[in-house]
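Down below is the structure, laid out as structure tokens.
Chains: A, B, C and D, in written order; residue numbering restarts at 1 for each.
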Amino acid sequence: MDRQLTAWALAAAQALLFIAAAPLLAGWLQRVKCHMQNRAAPAVWQPYRDLLKLTRKKLLLADNASWLFRAVPYVVFGATLLAAAVVPLIAVRLPTAAIADVIVLVGFFALARFFTALAGLDIGTAFGGMGASREMMVAALAEPAMLMAVFTLSMTAHTTNLSVATEYILNAGLVLRPSFLFALLALAMVAVAESSRVPVDNPATHLELTMLHEAMILEYGGRHLALIEWATQIKLMIYSVLIVDFFFPWGIATEFTAMALAGGIVAVAAKLMGLAVLLVVWETVMAKMRLFRVPQFLGFALMLGLLAMLTHVVLET
Amino acid sequence: MSAMTRAPLYLAYVALACTLLSGAVSVLAVRRHPDFLHFGSFFFLFLSGAASIGAGVWALLAGLTVSDRFELGLPWLDWHLRIDPLSGFFLLLLGTLALAISLYGPSYTRQFARGPAAQPLPPLGIFTALFVLGMQMLLLANDALVFMIFWEMMSLAGYFLVVYQHQHTANRQAAFLYLLLAHVGALVILLAFGVLAAFGGGLTFDQMRVAHLSPLWATLAFAFAFIGFGTKAGMVPLHVWLPEAHPVAPSHISALMSGAMIKMGIYGIVRLSYDLIGNVRWEWGMAVLIIGTASSVLGVLYALMQHDMKRLLAYHSIENIGIILMGLGLSMIFLGNGHIMLGTLGLVAALYHTLNHALFKGLLFLGAGAVDYRTHAHDLDQMGGLIHRMPITALFFLVGCVAISALPPFNGFVSEWLTFQTALQAPALHDGVLRTIIPIAAALLALTGALAAACFVKAFGIAFLGKPRSRSVGRAREVPAGMLAGMGLLGTLCLLLGVFPTTMIKLMAPITQLLVRDELPSAAAQGWLWLTPISSDVASYSAPCVLIAIVVVFALGYFFLKRGTAAPRRAYAWDCGFGHLTQRMQYTSTAFSQPIRRVFAGIWKVDEHIETLASKGTIPHVTSLHYSLYTQDWSWLKCYLPIGRLVLAAANRIGFIQTGNIHTYLKFSFVTLIVFLWIVS
Amino acid sequence: MGIATLGLYNQAIILFASLALLTSFIMLAQARMLPLIFTFAWQGLLLATVSVLVAIVTNHPHLYISAALTFTLKVVLIPWLLYRLSGKLNMHYDAEAIAHPTLMLLGGVGLVIFGYHVSQSIVHLSGLATRNTIAVSIAIELLGMLLMCARKSAVAQVIGFMSMESGIFFAAVISTYGMPLIVELGVAFDILVAAILFGVFFFHLRDSFGSLNVVRFNRLSEANEPMPLPEPPAGEHP
Amino acid sequence: MSLLEATLAAPLIGGLVLAFIGHRPLGGWVNVAVGMVTFGASLAMALDVFAHGPQLSSGRMFYIDAFNVYLVVLTAFVGLTTSIFSRPYMRHEVERGRVTDRRLRLYHSMYQCFLFSMLLALSTNNLGVLWVAMEAATLTTVLLVSLYRTPESIEAAWKYFILCGVGIAQALFGTVLIYFAAENKLGGDRDDTLLWTVLHNSGGNLDPAVISLAFVFLLVGYGTKVGLVPLHNWLPDAHSEGPTPMSAVLSGLLLNVALYALVRIKMLVDASLHTNLAGHLMMGFGLLSFTVAGLFLHRQHDVKRMFSYSSIEHMGLITFGFGMGGPLATFGALLHMTVHSLTKSAIFITVGHACQLAGTQRIDHIRGLIRTQPAIGWGLLIGTVAIAGFPPFGVFISEFLLLMATMKSWPWLTIPLLLGFGVAFAGLFRHVQRMVFGEPPPGQLPVEANMLPVVVHLLLVLWLGLAIPGFLSRWFEQATLLIAGASPL
């Protein structure tokens, strides 16, 4: 019973840490990017400042915004928060992992996306409609690709429970699985698309031709925008942590001792920073692609996912 | 003891009696006394729905199987009736929908009592009753004759309901197509029963159960049953009648058709393949899985191209039938390979999704009916902004949209999740091909889910959000309380079934016990909070936690962010600083689906027409531009049209027999005589 | 058995039967109306004679009755009726062009052979010395039908019909010494009524079609006005 | 046996009486009254037979057994209901000036004579008399087909006359041959040799060669009257051009009677021929008629023509059933005979009113019946639904049985059968739907219609569909026992 309590407490703590750390990752990403592009870099804490500022701002709503428009940020944030709560960040065997497995995780993202798109349509602007339409198209292609990658892993681990899967891979030690390689690539491409980074989308622009995600949330401001921005950062972090957990789980805590947990934190931080650097490199060398080349990009991801699954079935069993 | 054990059947009889009464009462609903329909008929329908729910739940809870017979029908074949958990489950489904529409109907049908859409009321009541009666009886049927009689009665009553507003050509054509395919399907079903009867030595289901069929004949019987029932269920490529018939019927009837009638096809498939034929083979499962996958993907893709609200919903029925079939197919594959537990899981997933689809599709059709009732608009591109005019309807419709898009924590998600879980157990199979095909099917299921979400973002966003695109929509009002109650009932059930799946799965245990002699002990092993279909290590899902979490987030947001801040200020939309917005600047449904249309080009037969009108003058510039887009169903163009042409061409060819020249006629009989004489001598 | 071994009466039966067959052929070739009617009457006479002879040979007295019936109907009443009608419709002397007369005669010969072939399987039952005349009766019946198929004039068709009847009567006489009395009377009555009705119809036909050429009676043809084939729908948009 | 004689005498006397007073307003009523007497007598006789089993009249002139007794009742019943319908119908025709007094008299008198000849054909024990009665049925109706004296009607009557005459002549030849065979084997009293009872009891030892020849002639002969393709050409013309009551009785009763004769012959042939030749020929004929007629339904422009093709189709199905033999199929065929004649006559009655309503028989010009006169519209719609084989109407049950029987004995024949059902249904419904629904043409007014017969017929068919009453089912079983030699139970 006591152990149960500690587990739950740890789980809550991890979730809080997760959402607290998300802006930090974004900040770090921004900073590295600026360095790489020879620009003056903002502080790593900049995202926190932005969020705080936004929450303080007075709320301004478009005149025909409906109740849905005002509910959406909370739904989005709630869904993302849940997603964050079930991903093992520093330790496995945490009870919250049982709330939802990886398929439900995808479901949470879908929920968030669904309502964001509705919010985009609510005001009745052309941009909102455009954003919603394009976002749903991208999602429709990204989701099966992601699931194919995830299925490969969960078939290997005989589970869709994230924590259990991570632990399995951890215990299996270093196995050179071609399927994992393909799955990693697929998952990375999907992650790029889903967290609206270059080349699929460009978060740092408000140009009609390049916006996807931004177009939907154009009309938001104040605390609503804060919640959505935060949710976006959490989403990016979730994807990164997923990749880390699935493919380089080493260092994650398997028992609830202070030592192990500290080690877990350090390990995950290091891994995330490394991953961020890779992402920045990628974003710097790539250019934003035309909307209708995105399907080919994601189609390639889907193909990789299928390949991963096939190699798993054909070669590894 | 007997009274208690037979109670479900008696309750079912009560339901039948109430249905008949509801039909009988509506005979009196002549133009002067419409209330006989609005209150009398629907009141009895309400009772009937309640009674069938009672019967179904009782049969499920007690896991009873009660049979009975009547001195009717053929001299050597009485009417055999029987209620068991399976039919109980479908009775529950049917009763729930009947309940909902009996709440919704009284207000909705007022538009037929007077005004421009006035129609004679008695047919509506009578055939609604016969429609429900047909379904109730075919669920209770325990021999082929009764089953076929009421199966056809259901189809026929449905025809009269589809053609109810017969002054529109569309209704007549749709109704004809519907009845034609229903009739052909029924004949094929008849063949399936014929095979079973030939081996079982009789027409009663009990005789068929004990019949021993060789694999070949069993497969043949299954094929007939699958085709016949699939026609009713609306699986690709036998689906063409569905998107024609459902939109033109009155909306509460569309709800009943899409929610209950096509499920009878699923019932038939389950009943025949699991119960009557028995020992399922995995090859059948392959066929069902492939057809199901095709139905789901094609259904949702075609739905995306629709801009008539009810047509769109109808295509989504095809998609969901596809998902159900995928579950069934997986279940058959696993059963055929001897994995009883996984087969059970697939079956549960399929049946669960059947119930869910009944609920949210019924809800959505009722919502579409509510919009139609106030605005008389079918076309999405004329709607918009209804969330301001009809907030409660919008809320319920939104619930339906979230549920059908398989988003947690609503019910659609649970059943699709179970289907995924089943699919992910593919490694348990020995056949490598199966192990590869099944995950691919799962990926396509994911694609379906994502596309469905896109489609319902479009449906809800275009219809309810933004600004009204036509004047009548701008003037809409909220619908009467009765209609809201009907929708509210279904909406609440959508949420409940999504949040408490373990309870429902426990309730379904007797069905799997009956059909595959197994159930899912592990599903609720961790208590009602945790849904763990296989084991807690493999996969788990806790819908209640999800719901709680979202509520908590709302609460926190209220406390920490909202409280104390001033009320938000209203202003023009920013829209990147572009000027005044008119409703014509909004995305239309056609525009919304354009990217997907480009990505999946070739699935549809798309004809685009752009007519530009250039102005006179030295520098011609375009003054007006008219864009029109038709998307057509390939299966219609490539399959049905040719058949129709073939038949008519044959009919035209054969006209030479009737030349009108008496010499020809005499020669016919002369030659016939000579030939026969030659044969016998 | 050769014909020589038969008695005189039987030889006469065979002779007259073959003559009746000949009359059928003549009718087939006969283009003019009046001679056609007379030939038909002659055929009736021959058949009546044959039945009398059979009656004498096999001493079945009631065959005299059927002979009398045949005589009254086929020799007196019906020819007279037709004569009167064709007089009224003043078509005594009109002739119709027969399509491919030789071909038709050859076909007639073929029918005779066919009738013989058919009768082979059954004649052995007959106790009659002249049993092969059954083949002749079948041939007469079929020839009558051929006549109906070939001729354009309604009157000619009626004659063909009647000669079919006489062929059947003939078969009844020589194979089974005639049918039971009541049947014969009933048949005779029916034929009489039929003849009268035919007469009525000649006038109706003439009034409404202006001629008795049956080829013109094709208003009820279905060969024209076929159904249009379905076209692909123009999309869901109205 | 006086009851049977009453049954026969009533229409004969009625016909004679009506020949004098048929044109009076009273005539229609007398017609109905005679029909009632006939029906009452036949019903009483039926109960008598039902109580005491098959009955042979003194002088062995008539023979009533389980097979023909219910056909007699059916004939009397449909005759009665049709006469009820024909009273207002013919009065309307007289008002429209399509029929003069003389022709009205002719009509009423011939109507009864026609019934008489059919009853005679059903109840006689003598194959020769059967032939005579069949020919008489042709002769009595041929003038009614041309009652309107339009060129089309006269042409139709002429074709009817010639084709049926030729056909019936073949039947006569067949009868002669049967007599020939029987007379050779049985010898005995010449007048008995054609008696059905004698022939049937002697069963088995007739000469197969002669019998098979005879069967061919009889099949072609009576088959012409049944309307089997390709001998059917007279049927659509006669049905579409005559007055509607005639169409109702022609397709409701005459076809049945001809088929009855055919089945009787088949029983003889099967008894003496030990191959299944007769059955196979009938199956082939039936299937051909079934499919061809189904196709023809699609290309019709005249509503009465269309329904006459549907009659051909159903007759083909019944012939197929009888040809297949076997208790199940025979039971189905017998049931189908009953429900078809009830439904089809009801449909023709409704169609008659519909044509008077629209003033034409062209399908393209009949629209929106259900708006102008709901009774007629629903009647036509429900009748069509019933004839198309939808439950809960009896036609469904019989077709169900026939399909099951086919599935048992000739599985691969179910495919053409099913195709035929589908094609026929589509052909029938595509037209009827257009006539019943939609907006009526401007100025279309209701007519005086007596829908009682329709209601009664359809209710009976519904009853037969839900539950076959005990006495009727026992009749069918006895008849099945008689024909197929085994009971379906």
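Keep this in mind: a contact is a pair of C-beta atoms (placed from the backbone, for glycine too) under 8 Å apart; a residue touches a chain by one contact, two chains touch by 3 or more.
Since this is a predicted model, take the numbers as computed values, not measurements.
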Chains touching both chain A and chain B: none
Approximate Å spacing (C-alpha centroids) for the pair chain A, chain D: 79
Mean-CA-position distance for chain D and chain C (Å): 29
Distance between the centres, which are taken as Cα means, of chain C and chain A, whole angstrom: 98
Centroid distance [mean C-alpha coordinates] between chain D and chain B, Å: 44
Residue list for chain B, restricted to those that touch at least two other chains: 648, 651-652, 655, 658, 662, 666, 673, 677, 681
Multi-chain contact sites of chain D, meaning residues that touch two or more partners: 158-159, 162, 166, 209, 213, 236, 296, 298-299
Interface hub residues of chain A, defined as touching at least two other chains: none
Touching pairs among all chains present in the structure: A-B, B-C, B-D, C-D
Chain B-touching residues of chain C, taken from the complex the two chains share: 114, 117-118, 120-121, 142, 145-146, 148-150, 214-215, 217-223, 226-230, 232-237
Chain D-touching residues of chain B, taken from the complex the two chains share: 71-76, 120, 145, 148-150, 152-153, 156, 163, 166-167, 169, 172, 175-176, 179-180, 183-184, 187-188, 190-191, 194-195, 197-198, 203, 647-648, 650-652, 654-655, 657-658, 662, 664-666, 668-669, 672-673, 676-677, 679-681
Chain D residues touching chain B - in the complex, by the definition given at the top: 158-159, 162-163, 166-167, 170, 209, 212-213, 215-217, 219-220, 224, 229-231, 233-234, 236, 277, 281, 292, 295-299, 370, 374, 385, 388, 390-392, 396-397, 400-401, 403-404, 407-408, 411, 414, 418, 421-423, 425-427, 429-430, 433-434, 437-439, 465-468, 470, 473-474, 476-477, 488-489
Complex interface listing, chain D residues touching chain C: 126, 128-129, 131-132, 135-136, 139, 142-143, 146, 149-152, 154-159, 161-162, 165-166, 169, 172-173, 175-177, 179-181, 183-184, 190-191, 193-194, 207, 209-210, 213, 236-237, 240-241, 296, 298-299, 301
Footprint of chain D on chain C - complex, ascending: 118, 121-122, 125-126, 141, 145, 148, 154, 157, 161, 164-165, 168, 171-172, 175-176, 179-183, 186-187, 189-190, 193-194, 197-198, 200-201, 204-205, 208-209, 214, 217-220, 222, 225-227
